[in-house]
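For reference, the structures are reproduced in the following blocks.
You will see chain A twice below: alongside chain B first, and alongside chain C after that.
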Partner chain A sequence: MRVIKLNKENLFPFLEVISEKADLWAPVKKGDKHVFKVVDDFSKVELSTTRTILPPRKIFLPPTFSMFNISEKGYEEDFSHVTKKILFGIHPCDIHGLLTLDNFFKQDYLDPYYLEARKNTLILGLSCWPDEYCFAKSTNTHIIEEGFDLFFTDLKDFFLVWIGSSQGDDLIRLKPEFFDENLTDTDIQTYIRWQTERDKAYKWGINFNALPDLIELKYRDSLWEKLGDACLACGSCTNVCPTCNCYNIMDKQFLGGKDGKMIRYWDACTLEEYSEIAGGENFRKKRADRLKLWYTHKLQAYISKYGKPSCVGCGRCIVTCPVDINVRTVGKALLGEKEDAFWLRFNKEVTK
Partner chain B sequence: MNGENKHITHDNPFLPEPARIVRTYYLTEDVKFFQVRIVDMEKALSFNYSPGQFGMISVLGTGDAPFSISSTPSRPGLLEFCIRKAGAVTNALFRMKENSLIGFRGPYGNGFPIEKMKDKDIIIIVGGLGAAPLRSVLLYCLDNRDQFRRVSLLHGAKKPSEMIFREEFFALKQREDLECHLSVDKDDTGKWTENIGVVTTLFSLLEEIDPANTYALVCGPPVMYKFVIKELVNLNIPKDQILMTLERRMKCGIGKCGHCAIDYIYTCLDGPVFTYWDVIHMRELI
Partner chain C sequence: MEKENNDKLKIGIYELTGCAGDALLILDCEKELVDIFNAADIQSFLMAKSDNIDEELDIALVEGSVSTEREKEELLDIRKRAKTVVAIGICSCFGGIQAAFLDQKEWEKNFKKIYGDTKMTHTKPVQSKPIDAYIKVDYYLPGCPIEKEQFLSTFNRILRGNPPELYRFPVCVECKWNENDCLLNKDIPCLGPITRAGCGSICINHNLPCVGCWGLVEEANLTSEFQLLQEKGFDYDFIKKKMANFSGTGIADFLGNLKGDKK
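Entry: the complex of A and B
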């Protein structure tokens, strides 16, 4: 991989140049949080955020989009959500999230609605600094070696720019004068120091390796009932998770006419109607059973199959769930680390 | 296709194939039979599937739903379904007349392991709408009769008017190469000439079986499985030779929407046919 340097003051001018090629999405402020949005005013781009409210998958598979236009003639493919995009400011854990989705949408049957959107989006990653909810180091997703076209490591006075693809290289060639090919020994030392400091900033973690067995052994543990009693079945955890992929499909007819659209929209296995079948039979009527499915999928099945969890440690479920059910509380409870602050808080809330 | 998006190059597995309803009639009060032909003749005749697989049928503007293919690949050209009225899509299908156009995607799922079943005894146990997938495998066995040893059918319904494919199965009783036992829980007509009792009472009518070389195929309402499987295990049929189809909610049929997941198994890809041994290991049982 080629690595070059970009001076801080050249970043926004560079983004401006490349945004002529495609819509540029980047993190901007929304209230006291952040969201990915199309930007034209580059001074609004936030360089030192943590997680966005919704994960970047919303850029590839929007929360609702049309798959087909429906008319008397039949079904006509609708790929209007696929446009040329550049996604700037995506962090390593979220890039890992995309790689997980890539795998999923490529296996068995190819899903063109995801894959086409992916193919038409350039990924410009950006380094980050963990807050108290991040634990990407224990999922080994705090660094990234593939899955980006360019990656910017923020070293205060300058960026190291890692060129990950030939399309990334093409972007650089639009403004080669912004970049410096020569890395000094001091630059490299700065990078190593940054990396060591950053590793130390991850204050806690989860021992994921132990979880598959523990989930098996504790499958009938009263823990699940406890969690189920507290869960509001709001589906938020599922909507914010960068590796969740479930969706629903619905035909929507326009008023008065025969024409309409086949709509695909995000769904959540934590919602009650998710598993209902004909005759009103529901295999997961209980919230506890639905939470079990979510955590079994993320922390057991995926680890058994791919050797890593389908959690990338972004902390979104931790900051989002209104009743503190998240990978940390559940993971710690399964591991028997009952003195963990999150588990203690949850326990106090539900048993009060 | 969207004008700006000429660069879309993938085949679209979600695109329904236009198909025509050739014939449709009632099998019981709330179950209708559909004979369907894919409009494109070449596709219709080259369409291949195995018994136990299913397809997604779509009604323009209403939506789509999964249905087992009830016909057999040994009689190509037409696809047959038996469909119970349940909700939006099925109601719309019931209103459609012969010659109407529907959409079809498939075949999906694993189907029955025909290769393994060859040269074995086959017992098919049907309850209610379980006839939909099992008729396919039954007709397949009968069309390729020399590939299988004994073939038996045990079919139960609540009452005579609810027995799906009643006439067809009665006619099969004439065949010497099929052991066919029919039963109703209750006879409200006074004219029923066959067994009366739940489907498990038919086991006593079966001639002695060779369990190690028998495949038992079960499909019916969830309550039926428990009792039937107990009988089959008592008959010493190996647990991985007891086959059943599981019903789960399905929205895509191709392993993408997540609805049919049981742990890490996707019913639409890894099923809907499972062995009893598989099912014992699934914690969210039938």
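Entry: the complex of A and C
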């Protein structure tokens, strides 16, 4: 893989040039948090963010979108969510998240709504610095070797830019004068130092290797009941997870009579309706069972199929769940490590 | 081509105790009004027209809660005349604000406190309750007021003999879709997790906490929400009042059985 150098002041001019024929999505501020948004004002692009509220999968499959337009003549597929896009500022863990989604949407039945959007989006990754909620080093998703067209490592005064695809190379060729092919020894030393420091900045971790066995051994543990008692079933953990991919569909008929739409929207296995079938029977009526399914899927089943968890260590469930049910507290509870969490303090018997 | 009236389903839209916001919302569907009146034979709709006919109906949409004897009789009559009854809006579905004290068995005492010895000549007031306290309800369309898209889609489905297809999850789901930062995590008392979605998390989009005006979601974990708010430092009575505000019958049992109630 070719690596070149970009001076900091050339980043925004470069983004401006390459986004002439595509929407540029990048992290911008929303309150105290960040979100991916289409930007035209490059001064709003945030370079030193941690996680965005929603993961970048919203750019490929929006929370709700129309799949078909239905009329008397039949139905017409609706791909209006597929436009030319450039996604800048996506961190290694989130790129791993997309690679995980690729596995889902390419297996058995190809999902055209995802794959078309994916094909039309260039991935411009950006390095990051962990905060107290990141644990991507435990999932080995703090580094990335594939899944991007360009990857920018921020070394303060300049970026080292990894060229990951021929499409990425085409972008560089639009403004080759911005880049320097010749890296000095000092540049390389700066990179190595940065990497060592960055790795040290991960302050805690989880032993994911032990979790598949522990989930098996503790499948009937009272832990799950305790989690289910406190869980608000708000679906937030699934909505913010970069590897969750379930959806539901809903018909929207128009009043005039004969036309309508089929809407697809993000579903969550932690919601009650998810496991309900015709006639009202529900396979996972209990929240405890639904949480067990989610964690078994993320921390055990996916590992047995792909050799790694479908958790990428982004920390979104940790900052989002109001009752502290997240990969950190559940993982640590499975490992028998002490943690402080609302769900552990919660008492379902007494409210006074 | 316009259908003749006798081919269309006969609809009645009725208002009991409430702010009339749901009826107003229907009237406010200006772009779709022609379609609504074209798709159905609107026999009775007091807010929209004066030549109302109260006879046999295919579908009755009922807004508001029952708070007088006369409304009770009106409702029983509607049920008798209509093949399908749909409760529209929070008051009709769960009781709304006027049913906030359903958990207390002291309605008469409270009534006296407010109205004193005033003689009610018009009709006899009763404790305000949702319509399913008196009649069988076929479908529920909650909202405060109901949401336009959801109303149109539901109305259309019911006209075709299909049950409504509504979101059955809490506000939090739509709130995340709108990429809001969770207010509970900022120690703001938000009822999103126990409140049914459909509003598009409109309050939280404007940085205001959810007040629960769409009623309880089916699986509301009230105990967890209550303790979470307590842990964030809100006091017992504050939380109780906040939760009771809109959800009427949905929450009366929970609040009535809370331990440690000093009053």
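Observations on the structure shown:
As a convention for this text, the second predicted complex is superposed on the first by the 337 of 352 C-alpha atoms of A that agree within 3 Å, B and C clash if a C-alpha of one lies under 4 Å from a C-alpha of the other, contacts with A are read in each partner's own complex, and residues count from 1 in each chain.
The criterion applied here is as follows: a residue touches a chain if its C-beta (ideal position, glycine included) is under 8 Å from a C-beta of that chain, and two chains touch if they have at least 3 such contacts.
Computed from a predicted structure; not experimentally measured.
When the two complexes are overlaid on their common chain A, residue A:54 makes contact with chain C while staying clear of chain B. Contact with chain B, but none with chain C, is seen for A:115 once the two complexes are overlaid on the shared chain. When the shared chain is aligned, no partner comes close enough to touch A:3: not chain B, not chain C. In the superposed pair of complexes, A:105 makes contact with chain B only, with no contact to chain C.
In the overlay built on the shared chain, the residue A:143 is in contact with neither chain B nor chain C. In the superposition on chain A, A:250 makes contact with both chain B and chain C. In the superposition on chain A, A:78 makes contact with chain B only, while chain C stays out of contact range.
Touch criterion not met for A:155: it reaches neither chain B nor chain C.
In the superposition on chain A, A:22 makes contact with neither chain B nor chain C. In the superposition on chain A, the residues of chain A contacting both chain B and chain C are 250-251, 253.
Every residue of chain A that touches chain C in the complex is listed here, in rising order: 30-33, 35, 53-54, 58, 63-64, 229-236, 239-240, 250-257, 265-266, 268, 271-273, 287, 319-320, 322-323, 342, 345-348, 350-352. In the complex of the two chains, the chain B residues touching chain A come out as 1-2, 4-5, 7-16, 18, 60-64, 84, 86-87, 101, 103, 222, 247-249, 251-252, 254-259, 261, 263-264, 269, 283-284. The touching residues of chain A, when paired with chain B in their complex, are 67-68, 70, 72, 74-80, 82-83, 104-105, 107-113, 115-116, 120, 219, 245-251, 253, 258, 260, 267, 269, 274-279, 281, 283-284, 289, 293, 296-297, 300-302, 304-305. Residues 32, 35-36, 39, 149, 152-153, 155-157, 160, 165, 168-170, 172-173, 176-177, 179-182, 184-185, 192-194, 218-219, 221, 223-228, 230-231, 236, 258-260 of chain C are the ones that touch chain A when the two sit in their complex.
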